[in-house]
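One chain, chain A, links the two complexes that follow: it is found with chain B in the first and with chain C in the second.
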Partner chain A sequence: MTWGLADVRVSRDKKIILAGVTVPADPSRVTVVVGGDGAGKSTCLRVLVGLLEPDAGTVRRPGKERIGYVPATAGLYVDLTVAENLSFAADAYRLSGSERSRKVSELLEQTGLGRARHRLGGHLSGGMQRKLAVGLALLHSPELLVLDEPTTGVDPVSRADLWRLISRAAVEGAAVVVTTTYVNEATRAASVVLLEAGQVLASGTPDDILRNVPGAVGRQDGAGRPGPLSWRRGNSWRVWAPAGRLPDGVQLVQPDFEDAVVVAALAGETGG
Partner chain B sequence: MDILAEARQATKVFGTFTAVSAVDLTVGPGEVVGLLGANGAGKTTLIRLLLGLLRPSQGDIRLFGSAPSLATRRHVGYVPQTLGLYAGLTVGENWAFTAAAFRLAATPVPEVIAHRKNELVAGLPLGAQRQVAFAVALSHRPELLILDEPTSGVGPLGSARLWEEIRQAAGQRAGVLVTTHNMEEAGQCDRLVVMSDGRVVASGTVAEITGGRQAVEVRCDDRDRDRAFAVLDAASFPVQVHGEALRAGGTAPAVAELLSRAGIDAAVTIVPANLEEAFVDIVTAPAAG
Partner chain C sequence: MAMMIVLPVLLLVVFGYAANFKVHDIPVVVVGPGAGQAAALLRGPTFDLTEVDAAAGEAVAQERLRDGQAVAAVVTGGGRLLVLLDGSQLFSAEAAQSALARLAPTAGSAAPQQRILYNPGLTTSWVMVPGLAGLILVFVGTLITSLGVVRERQSGTMEQLAVMPFRAWEVIAGKIAPYLLVAAADLVIIIVIGMGVFHVPFAGNVAVFALGAALFLLVTLGMGVLVSTVSQNQGQAIQLAFMLVLPQVLLSGLIFPISSMGAGVRWISYVLPLTYFIQISRGVMLKATPITALWQPLGLLALLAVVVLGLAIIRFRRDLAPSSRKARAPELTGERAAA
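What follows is the complex of A and B.
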């Protein structure tokens, strides 16, 4: 592991926020941390970028000037235009000369914000704001790019643009850590960490996680909930049998990522 | 009655801006209809028309067979993106307030939220707040449920639990209209309506919407994958990482040729587009006419 968290613990007011969390961050790879609200995703990132000191564990990160970080709720100035935001960030990173103009025009093009360059940040749509924020964090070609829920509430068109920016940063060598509540975004990652209530439920490559779903997952039709270890998938139910033996009438299915995540959460809840 | 909510050629104009343009939409009993669209596509305006919070500039809105009114509002459960709860009241107080507003006899707080009865809504995690908003919206047993991004920001297990309740309401013959940006969630709906720039640009089941649409899949050695991404990206092919493969727009021969010219040995195949790809395809296509 080049950068990242190893066995990090954080507690606040006697409440455990992170209970020994490991999040790898390696050059040219995207790590996606998947979890719901309150899972501890933002805390992980704040520790990773150095905004929060953990109680225990190891944190490896490059120098501050080599990090690009976008928190969940900010990352741009709403009362500056797109161009002014870029220019301000370029000043802050002390970019100058041809490097500066090359990066600024490259990012305007890649974020699709060229035509909006004179609009105020606060007047952009949610998706455009997120693209600008990620663009600002990429301006100095960081070694470690850290993005907190860049796609939450963003429509699929802007989401595709954002993921292109993120994947491109990794292809160009950055170590990238992204948090999300959208399970299917795990397929974008080289490495996935499933986080719930401050604990890692599962981690590895997306394929590892699918291969290692414990027990058996089945499908059952009908209106009534088949049992406690079951959840809705569209018109039918999914049923999880931890010991691998599905009840009669339940049809075995190959779990997909969403199934894997729910099973991991259920296993965590039942202490299994 | 077969149709609970209906928009017929509904149009809403604000000044010179047409937010909703000649939209047809129906929601029937027991049906979960997903309303999809990019930000600014007109989904929220359409919802406000259906609720009777706005009047159409042209066309017609029918709720339970008549124009939206205070009387029809009694039969609708609505959860806005902002949830519509009183953050400074407890869960139990929110519940009681809604019951009083709908003049329901005092009913006990439902089991799913009862353990939080005395907690302030403001102090609850988002997933729990959504669960409360949901329970409150269902409290008067509405015939029509309108949910604006019900699971945004909620984790997978929390989403699955909310969907359990959505399906339960539909099982009891309520019609459900739900907006979402989550294509996995959209896949759980019985029928989808896709809006772009105020218009309906596609509708039908997931299979009908994705039907026939294709994506180009690129598989190559792990070592070559980053380079393949860079080559396609530099040539402005919309390329996305998809598990161990790459998916790109464009045609298979064009992608294959580009990669082979770059000396990358890759298997290029045509695969059925998933809902997310179909959606991007549909809403970014140049408008017809």
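What follows is the complex of A and C.
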């Protein structure tokens, strides 16, 4: 692991926030931390960028000048224009001369914000604000790019644009860590960490996680919930059998990533 | 909720004990050969005899008024009694004026000659403008600063700054500097308008005034930053800032004389920075009080600046540089984080 967290523990007011969480961050790879609200995703990132000191564990990160970070609130100056926001970030990272102009033009083009360069940050749409925030974090070509739910509340087109920016950063060599509540986004990652209540439910490549789904997952049609270890998927139900034996009438299916996440959560609850 | 409960109680206490236009304990000095005799006539609740000196003359009396050690001075030995009043202490001077006028017939002598110094017309605006200048600085320094910093925290830009390659002092200086400039500009505007429109004099040394204003601004900005570090949102910041601003409006001597406040609330006046700025601004502008006579309010403002701004910087740094803020977890054990 080049950068990242290893067995990190954080607590506040006697409440455990992270209990031995490991999040790898390696160059040219995207790590996605998936979890619901309150899972501890933002805390992971805050520890990773140095905004929060853990109680125990190992944190590896480069110097501040080589980190790009976007908090969940985007962290834009809403009363500055797009160009002024970029200019401020360029000043902060001491970019100058031709490199500065080249990076600013490049990012305006990549984010599609060229025409909006004189609009105030606060007057941009949610998707445009997120793209600008990611652009600001990418301006100095960081070695470690850390993005807290960059796609939450963003329309599908903007979300695709954002993932294009994220993937490009990884291709150019950055270690990228992204949090999300959208399970399907985990499939875009080289490495996934499933987080729930401060604990890692599963981690590895998306294929590893799919391959290691314990027990069997089946499908059952009908209105009534088949049992406690079941959940809705469209018009039917998914049923999980921890021991691998599905009840009669339940059709065995190949679990997809969403199933894998739910099974991991159920396994965590039942200790299975 | 705190605002709704605490504010009425605070107002009740303040108006009950502090808001008192009935002035008593007016500090007075009596000088000249008949000082002892004149002092005997002044004993009572209205006056507080701070000095009785038969050897001193009018010059000493004027000096005591200029340096703020007395509001009234009685000079004996020149035929008629001479009463000098400090017009920069409006209510106290008016109360002393009428009390001394009542004393004359009692004493069986001719009415004393009265001379009002520093504000001969007892003009309200002359007294209010130097104080209001301070109040404006409290608003900008405490309320506006705390709101601005909290807004940055809520929008996430403060987190961004903490991760960017800035030193903590650079961020703090960057947050304070704009408000410092705005407040300084406000101060100049208020003083210029006060002088131009209300004909308030500026009799003293501008540098002494600027020194007092700079120290006072550092205290108010420190209070603003401190409020922002303990507020989760702008609503909380407004409440807390208001809690700091309101006592300064009512208890600093801006409106009500401190000497006439109840002992239970008077001590609060002495921990409020506006109390000392008003002493400096009225002293310099109206009385040309020299720096040697203002060392006490200047020193206390400097002390408050060090304490308040120091606390604010420590708390602010802790937010920006969390390496010094290690969460404690009694349930957890393990090796120390190593970067």
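As a working rule, the second predicted complex is superposed on the first by the 272 of 272 C-alpha atoms of A that agree within 3 Å, B and C clash if a C-alpha of one lies under 4 Å from a C-alpha of the other, contacts with A are read in each partner's own complex, and residues count from 1 in each chain.
What we mean here is this: a residue touches a chain if its C-beta (ideal position, glycine included) is under 8 Å from a C-beta of that chain, and two chains touch if they have at least 3 such contacts.
The shown structure was predicted, so the numbers you read here are calculated from the model rather than taken from an experiment.
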{"item": "When both partners are placed on the shared chain, which of chain B and chain C touches more of chain A", "value": "B"}
{"item": "Which of chain B and chain C A:261 touches, first, second, both or neither", "value": "first"}
{"item": "Contacts of A:39 with chain B and chain C, given as first, second, both or neither", "value": "first"}
{"item": "Partner chain(s) touched by A:158 [first = chain B, second = chain C, both, neither]", "value": "first"}
{"item": "First, second, both or neither for A:63, with chain B first and chain C second", "value": "second"}
{"item": "Partner chain in contact with A:169 - chain B first, chain C second, else both or neither", "value": "neither"}
{"item": "Which of chain B and chain C A:7 touches, first, second, both or neither", "value": "second"}
{"item": "Intersection of chain A interface sets (partners chain B, chain C)", "value": "none"}
{"item": "Residues of chain C defined as touching chain A within the complex", "value": "154-157, 159-160, 162-166, 322-323, 325-339"}
{"item": "Complex interface listing, chain B residues touching chain A", "value": "37-41, 125-127, 149, 152-158, 160-161, 163-164, 166-167, 171, 181-184, 187-190, 226, 229-230, 233, 238-244, 276, 279-280, 283-284"}
{"item": "Chain A to chain B touching residues, read off their complex", "value": "28, 30, 34-39, 125-127, 149, 152-160, 163-164, 167-168, 170-172, 181-184, 187-188, 196, 206-207, 223, 225, 231-235, 258, 261-262, 265-266, 269"}
{"item": "Interface residues, chain A side, partner chain C - complex", "value": "7-12, 14, 16, 19, 49-61, 63-65, 67, 69, 71-78, 89, 92-94, 136"}
